[in-house]
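Letters A, B, C, D and E mark the chains in the order given here, with residues in each chain numbered from 1 onward.
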Amino acid sequence: QDNTFKIGLILPMTGQQATTGRQIEAAARLYMAQNGDTVAGKKIQLIIKDDTSLPDATRRLAQELVVNDKVNVLAGFGITPSALATAPIATQSKTPMVVMAAATSSITQASPYVVRSSFTLPQVSVALADWAPKNGIKKVITLVSDYGPGIDAEKYFKDRLTFNGGQVTEALRVPLRNPDFAPFLQKVRDGKPDALFVFVPSGAGAAVMKQFLERGLDKAGIKLIATGDVTDDDQLNDMGDGALGVVTSHHYSAAHPSALNKKFVEAFGKANKGLRPNFMAVGGYDGMRVIYEALKTTRGQGGGDALLAAMKGQLFESPRGKIFIDAQTRDIVQDVYLRKVEKKDGQLYNVEFDVIKDVKDPGKAK
Amino acid sequence: MSTSHNETVLAAQGLVMRFGGITATNHVTLNLKKGARHALIGPNGAGKTTLVNLLTGVLQPTEGRITLEGRDITGLAPHQRVARGMVRTFQINQLFDSLTPLQTLALTVSQQSGLGAKWWQALGQSKPVAERCAQLLEQFHLTEVMDQPTRVLAYGKRRLLEIAIALACEPRVLLLDEPVAGVPAGEREELLQTVAALPADVSVLLIEHDMDLVFSFANYMTVLVNGTLLTEGTPDQIANDPQVKAVYLGHGEEANAAGPLQGAKAPSGGSAAPAGAGSMGANPHG
Amino acid sequence: MNAQPSLLNKSRWKPWEPVLWLLAFVAPVLLPSHALIINEIAIVALFAVSLDLILGYTGIVSLGHAAFFGIGGYAAALFAKLVMPDPLLGLLVGMAVATLLGAVCSLTIMRGSDLTRLMVTLGAALILLELANKLDWLTGGADGLQGVVMGPLLGHFEFDLTGRTAAYYSLTVLLAFFVLMRRLVHSPFGATLMAIRDNRLRAMAIGIPVASKLAVAYTAAAGVAGAAGALLTQTTGFASLDLFEFHRSADVLLILVIGGTGWLYGGVAGAIVFKLMQDALSAITPQYWTFWIGLFLVVLVLVGRERLIRPWTWMSRGGRA
Amino acid sequence: MAELLKVEKLRAGYGEAVVLHDVSLTLDEGATLALLGRNGTGKTTLINTLAGATRQHGGSIALGGVALHQLASHERAAVGIGWVPQERNIFKSLTVHENLTAVARPGKWNPDGVYAMFPRLAERKTNLGTQLSGGEQQMLAVGRALVLNPRLLLLDEPLEGLAPIIVEELLRAIRRITREEGLSAIIVEQHPQAILAISDRAVVLDRGMVAHAGTAQELREQPERLDRLLGVAR
Amino acid sequence: MLTILFDGIAYGMLLFILAVGLAVTMGLMNFVNLAHGAFAMVGGYITVLLMQRFDTPFLLCLPLAFIGSALLGGVLERTLYRPLYHKPHLDQVLFSIGLVFMAVASVDYFIGSTQQIIQLPAWLKGRTELGNGAWMLGMGHYRLFIIAVCAALTVGLQYVLTRTRFGSRLRASVDDQRVAAGLGINVNVVFFSTFAFGSGLAGLGGALGAEVLGLDPGFPLKFMIYFLIVVAVGGTSSITGPLLAALLLGIADVAGKYYIPKLGAFIVYSLMILILVWRPQGLFVRKGGK
């Protein structure tokens, strides 16, 4: 008992967000396979729970993991409300909570025990807002899903773009449950902006892109710029040539040209029937690393507070590039890349062409 | 329009009911006197059931006015009319299939005695209610099936329950739509006797095709044909009315070639119809 | 004359019933590691029982019952956050708000077929969902309502991490409502509801004011659902939009139907079976547990509830109304 | 006359419950059988069993040499069963005309023949089943059985709720159809006298068993005996 | 303007195609088959897999999707659905939801949970624009195609159901299965063929809709609400009812989102509630029906 180190991994394994859970689970297992399951004399045990994206389920599972299974670390968390609902549990039980997916800025403020290994939407949207005006894009319409992350993305993109001398002429919010983008895209077309900025959760991205083309927005001279969720590596290949040339900003691409990443992508594919890792996977992979390193540092001694302290300030090379866990905010600081969809070896990839170094979450800048 | 000078309890004035292009009741005026035993007869589809539906508020008339004990009830909801003492039975059984006869009656009696909104007391807690139920069950030969779900009862039993429910409402005006359909011959008279034995100030409107019963029961009759009032009168007058014979009662003796028919028997006081009426016949709606 | 005993027999407590409740109440002590799931089961059971009042006893199909669950939950959570953290007062507030909403919504369910009512109730819940999303200054929008801190129950019992206080709190509230509902369904009022369910035309014809009875039943059920919602947000200290989601309404319907409608223990049995099964299966196969739940439902219907879960059937002899 | 129907040792009921315990009877071609009995003695159950709408537990039914009990309910119409259920069971979402055409089989009787017999129905051709008066539904149920062009008509209380003049007419029609067209019929009625008058044979059921079987004439002439059999106290 | 109208119509038609099979099983057979979406999903996956693995042309995939789902529907009808016709609606709900759960998990297991994307043939990808300014009409070819298929289907179905004897036999069987059988209608065959046909329609809908709506294992649950809305608002007694309802909802939704995007999500639900409170039996019922 004493010699195991338990990680409670709560993820949406079924329902709308199932791919998130799948990617993270695979990445976490890959990390353990590559780095062994014994650290500092402790055997690592991964307990996976499905919360079906229901915050109250997440919370109960976390509570049970803490009370019954006595896990040392809570990890996972596919959507923002799940993470927020669980944060008080982390505080109360002094258990570090590694957020591997949820991307709303405010999560790290919900508990001093939260550490994030994924990204925040403001982080990636401002990068795009920096890039756009320099490339002749001044007038932009934004189109985001009408929920927390979407509103974050809209707000930070707009602020930064305005700051950089651009202009958001119209901000459209699409209901989450929205099968047809036609009216919104038509509105964009009639608004004749230089570019359309899009954030939608990864599943809907393909539909937006397809309808963007079908409606002839590209021919009307409108560029499509988006956060990387839209050209999610998980699906990019199936989107077809229509996706070519779309510019996105994100913190990870499976095509990131580093040796570490090549190894990661290859190993990941091998372990999962050729599946390509996406930004969720890298969040899970790095999250595991943060936990492993903290455990090494503390040599298996000390409780949650010691672990947390050891997580803060970690700096290491990830498949996405260099990342840093800001000791103050416990949020991730990382490079954000500008990428364009291109064809490589007959497959579509987000190919990075520019980088903005060491982006902090702008949500916490003030 | 001749006989009794009693006060009118229920009055319908110029009732019209149209279903799309069909006029089911056409300016029907009907007065039900206090304590009357009033029969409403007429060919199939004449609008008798529709009339009852109008009187009880199941349907809203296209035109016309209904008064009950002097008050206009045309716009009242069905349950409000029941609260004022007007109760009906249905031509096609309308029962509570998953409840037992006992529960059905207990609920009806409770509702009737103002306990319907009580939610704290158990159904049947009140002694008078339970006693009244037992009495009704006895009276309608339902005691041995009182704990079976209504759904599995034989048709005859269901029919009896249908009428028991109406009586459980303690009506002052009772509208019976073919109450004895499906009840075996032997029990029919008994059943109607139960009805006839209601207090003298209860007014009853009976719709029935069994002429033996109608003539033994009614003291006044109204004949409806094709939605229109054909004639009214005492049983004698009606039995001898050639028009009624032609469209409704039929050939009388002549048909006895086929044997004695239930409806053809002339009521005691009446004499045989003029033979000429017999030849009309075939289409009652000509 | 055996009419009265025969009638009263139906509403009498059967010997197994107190035993069952006793078991429920010792469970959090005997199985301390299951307190949290017991809490959740109790809440869902309460929610299902409230649905049974309108579905099983009154015959109104609803796919929007989550509307009341959600609004009760949000009301209780907001009350704790903005006014005061006392759980019992919060519970009352949650119920009151849900009851109010129920009264308003009851106007829409008077007419129409099952399908119509299904969709109207569903629509109402979804509109509330969108409203809660739009009113993010109050509700926290899609991120959920945070910062809900509950005070100790009765001023003494803190809601602890193990969830025992929560379990007792929810079980007690469940039992209280269960007793009330039990009285209600066996009363003349309950009988009029069943009469309406079976045959509206006849119900009117014996003087039952159908519309107002429906409204009362619907409103009462809404209030109880609100209480269930309040329990959930109070014991989790969090409220989020999914309280209103379609699948919440759908799940509770499933749970009730699994246990059997028109029988108060149906909701309870369904909650126990469904939740435990979900918990166990998803622990074994987090990705594919829905398959096995699905299989269970299919088998349940094909084989028949009675034959499948014997233990309940022999216990419930005569208990089914 | 050739034997049309032969029922032997029939046991049937609903689900596990057995209502008919041991019923045997025969009926000739063109003959009419009056099926009598008190409430709940199983008359409807017998009719429904012939139509294949109950659960048969034993015994055999032969119609013109065909083993009816081996046929599914819907195959019996093709062999010659025409059924008028006691509660009428008009198809409520079909119009009057569709009620007839949906089941009609080729033969002498067609919807027009039915309309000629019941002019009232012709006037209500496009009404939905539920929009008919009680008597109209009854006429439709009889018409619906006729357009099947059956060899054996099963009439479960067909006169109920009909105006006397229509009753007369229907009785006459039944008699004509059976005499002239060689159709057989089993008629359940609460008015034994009316029905015995046009029947050839009579069977009285009691508690799911045959209490009496004989000619209609014999019961017609002995009303007291009939009353006794039917348990009517006078 | 016109473009919005066109998009609304196309969207409505898409909803209709997806829901029409349900209108058949639920409206006509009175069977609450919530697994309808699962059959649609099967049709969608048949198309996707055929196109991805065997390069089958899209146009050929459509009939195959129909046949595939119809076969599956037929088999399930024979084996599982039949005993449930006489069960209460709630049991049917339970059962069909169970099937959906199983279908979702199975697809997830065998094919994976990522969204599948259909690549349309080039001739369906284009867009034609007429006129300009406020009156410009832009028509996506694929949307045109959907409208055409849908119109053809409606006409055909309406004919079968109202003009042929099969339609009245079906409705008779639904009204009273026992008596219908007793009067010589082979209820089993009628139900079998109808159910298979309804499932086929669902499959066709899934195949056509996957392109616009996306296809993943969650499909049957995600779109269940939409099917139900269309059938509820349209009323269950005809085919034209759901069609008009789908068109109305489609146009209202698209126009609403275009002109008042802030209220985007409210429009469909509010409209539905208003219509149903106003006409509780759905917009289009046979006059005078109960």
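Keep this in mind: contacts are C-beta pairs under 8 Å (C-beta built on N, C-alpha and C of every residue); 3 or more make two chains touch, one makes a residue touch a chain.
No experiment lies behind these values; they were computed from the predicted model shown.
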item	value
Chain pair showing more contacts of the two, A-C and B-D	B-D
Furthest chain, CA centroid comparison against chain B	A
Chain at maximum distance from chain D, centres defined as averaged CA atoms	A
Computed distance of Cα centres, chain B from chain A, in Å	75
Chain B-chain D separation of Cα centroids, rounded to whole Å	27
Separation of chain A from chain E, taking each centre as the mean of its C-alpha atoms, in whole Å	35
Euclidean distance of C-alpha centroids - chain B vs chain E, Å	48
Residues of chain B whose C-beta touches two or more other chains	19
Shared interface positions of chain A, touching two or more other chains	14, 18, 22, 146, 175
Set of chain C residues in contact with two or more other chains	130, 133, 287, 289-290
Residues of chain D defined as touching chain E within the complex	48, 51-53, 72-78, 81, 83, 85, 89, 91-94, 98-99, 101-103, 105, 128-131, 144-145, 148
Residues on chain B engaged by chain D in the complex (per definition of touch)	19, 22, 42-50, 91-92, 152, 154-157, 178, 181-188, 209, 211, 247-251, 255, 258-264, 281-285
List of chain A residues in touch with chain E within their complex	14-16, 18-19, 22, 146, 172-175, 177-180, 182-184, 186-187, 203-204, 206-207, 210-211, 214-216, 234-235, 238-240
Chain C-facing residues of chain E, complex	26, 80, 83-84, 87, 89-95, 97-106, 108-109, 221, 225, 228-229, 231-233, 236, 265-266, 269-270, 272-273, 276-277, 280-282
Touching residues (chain side chain E, partner chain D) in the complex	165, 168-169, 171-172, 174-176, 178-188, 237, 286, 288-290
